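Two complexes are shown next, each including chain A; its partner changes from chain B in the first to chain C in the second.
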Partner chain A sequence: MITLLEWLRPWEPSLPVFLACVLAAGLYVVGMMRGARPGFWPALSYFLGVGLIYVVTQTHYDYYSQYLFAAHRLQHLVLHHLGPFLIALAMPTAVLAAGLPASWRTLPQGVMAPFFRVLGSIYRVLQQPFIAGFLFVGLVYFWLTPDIHFDAMLSLDLYWFMNWTMAVDGLLFWWLIFERGGRGITPRLSPGRRIMVLAAIMPPQIVLGAYITFSGQNLFEIYDVCGRAFPIDPMLDQQIGGLITWIPAAMMSVIAAVIVLAFRLDQEERAEDSRTETTLERA
Partner chain B sequence: MSNPGERPLDYRGQAVVTLRQIDRHNGAVKGTAFRAFKHADVPLVEGRDFFVVPLDRPSHPAIDSFLLQARQADAVYSSSRALILLTRHAYARLAAAANLSPL
Partner chain C sequence: MTVLMRLLPVLVLSLLLVGCGGRGYETKGIEGLLPDLQFRLLSETGQEITEADMAGAPTVVFFGFTNCPDVCPTAMARIAAATEAAGEGLESDLRVLFVSVDPGRDTPARLAHYTGFFSERVTGATADYDTLRAMTRRYRATFGYDQPNEFGDYNVSHSSAMYVFDAEGRARALFRPSDSVSAMTADLRRIAQG
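Entry: the complex of A and B
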């Protein structure tokens, strides 16, 4: 029987992942201590997102991800979909900025300025709706190409590169979808365009998930080399993994579309309230 | 916890150990040997330092006989579909690099 301590011990310790998660949580806490008030639900959403990313990468869960295809798909569902989704939903920019030293809150001037300008330009290109959607789906396909998947699961460096690309791309994509509040450098899409992007990424994910689920052959042989984490038929493992790629991943688009619409309605209600107040004041 | 009495198997005249034997020898969770093998800093060459034997394809009678020997020694994980066999010499190098117990 595995103890709690063993569960909490990472199977593949990664200092960059550990530091990124601690920094993300720590900065948010400092921001709140300095007076930022994100509200209960955004704070919960943010910590849940960061926490889930930590759990699937820096605990014993990662062991199952490496020895079970279904667990690997769940790990990527969290890294690419659920974790970044929750973080972006919280729109933590203001709180994180409050957590930073005052001198870091504006874009750097002087010798570093051109570097950040280039970075900003690359960011804006990556956040073009077509490119963002293409990257979002393309990465899932890329890392699930059987030969590439085999190599990624066999090499520690490639393994972490794969996980980082999924998490960073997830953050970029969901940030684009949920972007709101004060204008930053992220392109602000209309609710209709956001929903169109969400609709466009659904069919390719459904096709890939269905292909994996209904494939008659064992596509991901890396899990056969050492054997799976526990005795399970390889095809059943693959089918469960395919279903995870197919259903929850596509469902996230539907949930996101509902949230985008809710934001829109909320915005309209606020505008209506503001108009009513102005009329009453004049009267 | 560990099983210091793990005996290497004979594969084509070479003393080899399976990943399951290494895990058991070190009293470690399944996958520990494979993780060490995947991340080995020491260069391991297939055909010299290790061999990969598929379990689910028809093979040579000599390999079938080896697999029987390996199964009798409980040296194969039931869910494995391919067997990685490390030579004794390669395991000694791997053990030194990955903090595993020598055989």
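Entry: the complex of A and C
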């Protein structure tokens, strides 16, 4: 029986992941202490997103991710879909900026300006709707290519590289979908285009998930070769993993589309209220 | 065209990753994917055994247990046949380290009896649970125990791979259950020859 302490201990400690999560949570807290008021639900969404990413990478859950295909798929669902989804939904830029030391906030305009210009250009390319959608789905396919998956699960360095690419790409994608508020460098897509991107990424994920679920062949040999966390039929493990790739991943698009529409309606209502107030004031 | 140029880094990354592990192996090349051979175990003679004892000869490492009904005997029979075939005419020796992940039942004497059945190239070894856990984790493998039945017997889940290290202890190839004995033989010869 594993104790709570053992559950909380990372299976493969990763200093970069640990620091990234602590920094993300810490900056947000400092931002709020300095007067940023994100509201209860955005703050909850943000901490939940960061917390989930931490749990699936820096607790004993990671052991199961490495030795069970189904647990691995759930880990990637959190890293690529749910965690970044919740973080982006909170739109934490203002709070994080408030948490940064004042001198750091001016870095993009100071001596580091050329570096930030290059970074900004790369960012804008990656945030073009076609490329963002292609990368989002392409990465899932890429890391699930059996030979590449074998190497990624065998090498610890590749394993962390894979997880980082999933989390970073997830953040990029969901940021593009939920971008709102003050204008930044992220392209501002119309609600219709956002929903089109969300719709476009669904079928390839459904096809891949269904293929894995219904395949009569053991596609991911690495879990047999390295051993499974506990005795389970390899095909059952693969089928559960396929279903996770298929259903919840595609459902996230539907949920995101509803949220995008809700934001749009909210925006219209506010505009309507503002027009009514102006008319009343004139009258 | 512009989109293709922008996707070029992704394609390059794909090609680099596909080329991981080394080329030209008939089994699975794992060069650069796993760390060098390193261990401190209790050998079947009751003495401590480390990677230094294996230096100078390619070594195949397998994690199993002597009560294993199928995977381990099959793997041992296959690797005994492959090392026998590959060893003919070779100057360097070829060694196999059978690491038992069931220290509760696999005593040194039991291991000696078991390995002697397959080949004199095979050496048995084991250690306490934590040492075994650290060693298997190093090679990205795991093991686990079922609940014992009314006779106290239990099954052990373990890796089915054989890890091949060269004479300098570098990880070179991984033999999977699906690899043929002839492919294993060819890769063992290649690794032994440098």
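Here, the second predicted complex is superposed on the first by the 277 of 283 C-alpha atoms of A that agree within 3 Å, B and C clash if a C-alpha of one lies under 4 Å from a C-alpha of the other, contacts with A are read in each partner's own complex, and residues count from 1 in each chain.
Definition applied: a residue touches a chain if its C-beta (ideal position, glycine included) is under 8 Å from a C-beta of that chain, and two chains touch if they have at least 3 such contacts.
Computed from a prediction, not measured in an experiment: that's the story for all the values here.
With both complexes brought onto chain A, simultaneous placement of chain B and chain C is prevented by a clash. Legend: residue contacts after superposition of the two complexes on their common chain; A:Pro234 is shown touching chain B, with no touch to chain C. Legend: residue contacts after superposition of the two complexes on their common chain; A:Phe150 is shown touching chain C, with no touch to chain B.
Applying the stated contact rule after C-alpha superposition, one finds that A:Glu221 touches each of chain B and chain C. Touched residues of chain A, counted separately for chain B and chain C, are more numerous for C. By the touch criterion stated above, A:Phe134 is placed in contact with chain C alone, chain B being left untouched. By the document's definition of touching, neither partner reaches A:Thr278: not chain B, not chain C.
When the two complexes are overlaid on their common chain A, residue A:Ser121 makes contact with neither chain B nor chain C.
In the superposition on chain A, A:Leu158 makes contact with chain C only, not with chain B. In the superposition on chain A, chain A positions 12, 63, 66-67, 154-156, 221, 224-231 are in contact with chain B in one complex as well as with chain C in the other.
Here chain A touches chain C in the complex through residues 12, 63, 66-67, 125, 130-131, 134-135, 138, 142, 147-148, 150-156, 158, 221, 224-231, going by the rule given at the top.
Interface residues of chain C, counted against chain A in their complex, comprise 3, 6-7, 10, 14, 17-18, 20-21, 28, 30, 32-34, 63, 136-137, 140-144, 146, 155, 157-161, 174, 176-178. Residues 19, 29-31, 33-35, 38-39, 52, 77-82, 84 of chain B are the ones that touch chain A when the two sit in their complex. Interface residues of chain A, counted against chain B in their complex, comprise 11-12, 63, 66-67, 154-156, 218, 221, 224-232, 234.
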